[in-house]
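As written, the chain order gives the labels A, B, C, D and E, with residue 1 at the start of each chain.
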């Protein structure tokens, strides 16, 4: 580990204790079979069943807008700040910029993460930006930048979609003009079994080829973000090997999943609007 | 990058005054051209802690050690790290905790002087091959910058290394026991030879050569000539000037180095004696002994010397010219220039000193800058955005780039796609 | 009660506007102050000078414990200096450890005060720091115990010379309220000696 | 419950278009404003209804940009559909806005300030702005001196000038109602205006020069100010 | 208990009862100019002259959030809700939210302390929690607070590094205690210490079989044991306003505009940190008054922690 002068450093070399547990001799195939049995998953969900989502706004009082999402055990918090001048920019841009930062807490995953952003986090930041760029009315704040920070407290799979969904709610909460509400969902595919909203183990198993009877089937993870009322896809990200049919099917599944999420978000935002309006009239 | 904020600018007036004075064989502080400022070496209570002043330039050096695994390329050698810090106390434009060109340059020169010349016997620092060696760390803090940091720092570094003692280590076969200073007498380092840096500044393309430049002289000088004597000699930074002048100067530097090393050795001996006598040591003792310094007094001394030294230096100058010829004949035997190197961008020395850029070391700017550029790969997005301008609003519709996917999507999202096409 | 010998030398460095080498027992610190000088754009304060502090240990890599000392000393100097007289400028305080035998923080604070005094920057009051030690035998003293492991707790108090109020308190280790009170009173008494020493130093009668 | 209407009707994702025209009279609209969310279709965009603040137009419809409530303002015979957030607005100063700013640097040519409020909205993050010497007053522009008009720390009311390629906002106080509203004397006491070029310290009675804003009576708020400017 | 409940629920105990009488009214605020008599004048006044706004409020013996000077904000604690950690807690003091997660890893002890493990605390102030932080390396403030927390842990000896040694000179535990601020609204240290105590109490480490001759390690995940916690720490922060008024449990604005800050950490009946980093001088009486107030608060917080632990 490189020495960080601005933090307290531990000993030079540390290893996670999970490396020294009783050897896990199960093959990937067995592990996967344990996860999915008789059309049921280890947490008793159906294959295409989304985990329960809780969403709350206004958690970060210091931010302009914020949202906290719990999707199963996955917990993500997103905050949005007022537009500010873009640092170190000299040219004029007609459209505002979106700055996204996606970060896992050091303790959010099984393996400890570093304080600095790693490549995965940087990629997720870029994907978030991509999803939100076309959602926000950027022409409303030319030459300014809106900062969006997503922080994962606990990663149990599908953290990126949770972050994008929460970011959409946080933006609406912050009063940043948007073309539409945005929701996102994740789908894992392994051996032609599709798992909606995979948990962290499922996601891990879907990300690598697991041979079944010596053959390697289609496998991968898809993250898709949708704008609800215009029925547009604002971001699509896929890893793994998938056939064309798989992708079309997956898009259908994900589209439905997104549509199911929308009422929840709408309900929450309407509640929020009603509440603030009530407070306002009381103040007067 | 060192910020230019708070940096003193040398005015043309000052420059001209300096050069004019030199033409009359006078230096601003009344020294002769080849006269060095007074050296003072004090040791702290800790081993390897040394406080050196060269005139008003002051430097603190401290050596520390710990046990480390050796580098795989040198499994039986200890490690010596040198780190020079331009403490913001030394000058207002120095910044804490930030590497500037000057500090990098000084660090490199000191490393050349002490490490590359193998002044310290690193092999004696090995405890167990491939596993445990002593890693020495030499921290040099510049406390007051009145010119010629390098000489001062090199003296402090050498004195600190020569003064330092490491704890004794014994082995009982398997385990190593590190004895505290109280349990067993600590062991001094093996110093193979004593290299010190001697700096001359050169004016008017070699017309005037000044030993131990002070701050203003340093800022105005055309070039520098630095020797590190004892093992290797290196020279650098010069505008085209005559070989005989180089050799002459090198020669003078050699004799100067001898005196300096002698001084260091004496200082250490004195300190050792006092330690043996169990006299209380440390900086606090030195503070008590001396009266409060008076800065006004200083100035008057300076003025006094002004008139007196004037003639002296002229005499000296004559002597030098006489001596020059002799020395040239002797050079080949006494002095060997093994390495002539222009550090940084050599050509930088040719550029006349800019008044705003009083700092000679910035010559290497252009080279270092490249390191700062980072190439970032941005993952290619799978999605392309198409602006639909018809509605007047700046709306964007997203279409999947991949043609196959697009058709699939069209089937699925028949309605929307048709919508898009219609508009 | 035995107490550490104070000694000091003002103006030991030629570049800074004020400088001092201060010794408290064997502990020695050099302080230098520049000010008011040009301030960097991002640190400009409109109605007063920005006070910056940097502390250098004599060896080893810079770490975050230095930041804690820096913020402590910076805050103390900021309250004491009349920063509002020098708006849109900077006052830089730099400290260099020379030797540490226990009272490093108080020594650094006292050195900073002397450097401020020498620099001629207006001050509201002087500040003086005292270190008290609580030994394993529950005895409070001003002298550092011979071995570091004998220290149960360490207190650093900073007082003003105007009303003897507490400007700063820094503690290490754990202790009872009574012990804290006792150390505080001891510190206040000793701080008077520190101020006398400051005054003597300034008038040049260094007879302590 | 009218409010519930447009979001319980159809569970299949899409919020139904709110037909503001037919179901709500203007009075009802004000009393019980319909709630909308970003991307919600509000009504047809035609000759009567046009898209205003907080909305956008797409393929003949007006959609909402914000989570908030709908408001319809009649302007020159056209009904402008606006959406306002229920919480704090996200405001960026635009051309013509009256802003409250604090002066922090003055030079011979210009003074630099921080915009702290835009109209009534208090900003969480101030924006930087610049006020040039020639924009201090409307008449005898060349005679204005920065140091006789503003001092660091003054609170001024100013109008935002057209936005140029430059990165900071440009302000103007070249109107009677604009200029210094709060200032402190050299000794730090509040000052009261005594003429349009002078203010007097409330403690020391020392007079200092300022470009003083004419105090607007309480009942005249920002909107009227804005309107007046437009009619001119 | 759902994690969200704790994160979201702000139980403003002081508000409902006092709202009507105590909420700062515009009429109480001294008005400088007619231009300010507008709808959200208080807000505007606060933004333009924050210090004067505070002075005016405090002159009426009330804080802008309606609290009396010596009243604390409600505290919430939730423990063990993040199961990727070996011990975790979330503490909320008013709106300030701190998540503390402890992750243990194996390492080799230092040569000069062969029978000690490591405790590595770090406080992260991400840009997420307040507009004043920017992405990048930790700010000076984060560094100072991290060091202060590290000092408090070391001074109080609540975790003994000796308990973390598995096999001398060969194998030991390294506890990475990471604090993340999710909402920055003052009294950070107080929230951090509550979260720390909560997280330490939920911390369990698996047992390790170590064979020194072969350097073989075997970790039994099923056999998890808590580590001894030697003391319970309670921290209380005060700020000094205008050299005379002392406010307990400050919000972020109060911290920004105050002239001095005092943090007192209690360890049982003992004190383990009285930290006043400069700022306006205070009298001894005032300082001991603060210590007394924190002593009164200590059993309440201890009870809170106990209750939270029982719920588990």
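One rule holds for everything that comes next: a residue touches a chain if its C-beta (ideal position, glycine included) is under 8 Å from a C-beta of that chain, and two chains touch if they have at least 3 such contacts.
In UniProt terms the chains read A, C = Exoribonuclease phosphorolytic domain-containing protein; B = Exosome complex component RRP45; D = Exosome complex component CSL4; E = Ribosomal RNA-processing protein 43.
The shown structure was predicted, so the numbers you read here are calculated from the model rather than taken from an experiment.
Interface comparison, B-C against C-D: more C-beta pairs in contact at B-C.
Of all chains shown, E has the CA centroid lying nearest to the centroid of every protein CA atom.
Using mean Cα coordinates as chain centres, the one most removed from subunit B is D. With centres set at the average Cα position, the gap from subunit A to subunit E is 29 Å. Separating the centre of subunit B from that of subunit E, both taken as means of CA atoms, is a distance of 44 Å. One simple way to say how far apart two chains are is to compare their mean CA positions; for subunit A and subunit C this gives 50 Å. Centres computed as Cα averages put subunit B at a distance of 57 Å from subunit D. Multi-chain contact residues of subunit B (touching two or more other chains): 97, 395.
Shown for subunit A are the residues in touch with two or more other chains, namely 5-8, 81-82, 137, 179, 230. Shared contact sites, meaning residues of subunit C that touch two or more other chains, fall at 62, 64.
Within the complex formed with subunit C, the residues of subunit E that make contact are 140, 143-144, 146-148, 151, 155-157, 259-260, 262, 267, 269-284, 287-288, 291. Those residues of subunit D whose C-beta lies close enough to touch subunit E in the complex are 100, 102, 116-117, 120, 122-125, 155, 157, 181-182, 190, 213, 215-218, 221.
Interface residues of subunit E, counted against subunit A in their complex, comprise 2-4, 7-8, 81-85, 88, 95, 97, 99, 101-108, 110, 118, 120-122, 124, 126-131, 135, 137-138, 142-143, 146-147, 150, 174, 176, 178, 180, 182-185, 206, 208, 217-221, 252. Within the complex, the subunit D residues that touch subunit C are 104-105, 152-153. Considering their complex, residues 4, 6-11, 13-18, 20-22, 54, 56, 59-63, 68, 70, 73, 75, 77-79, 81-82, 101, 103, 105-110, 112, 115, 147, 149-151, 153-155 of subunit A touch subunit E.
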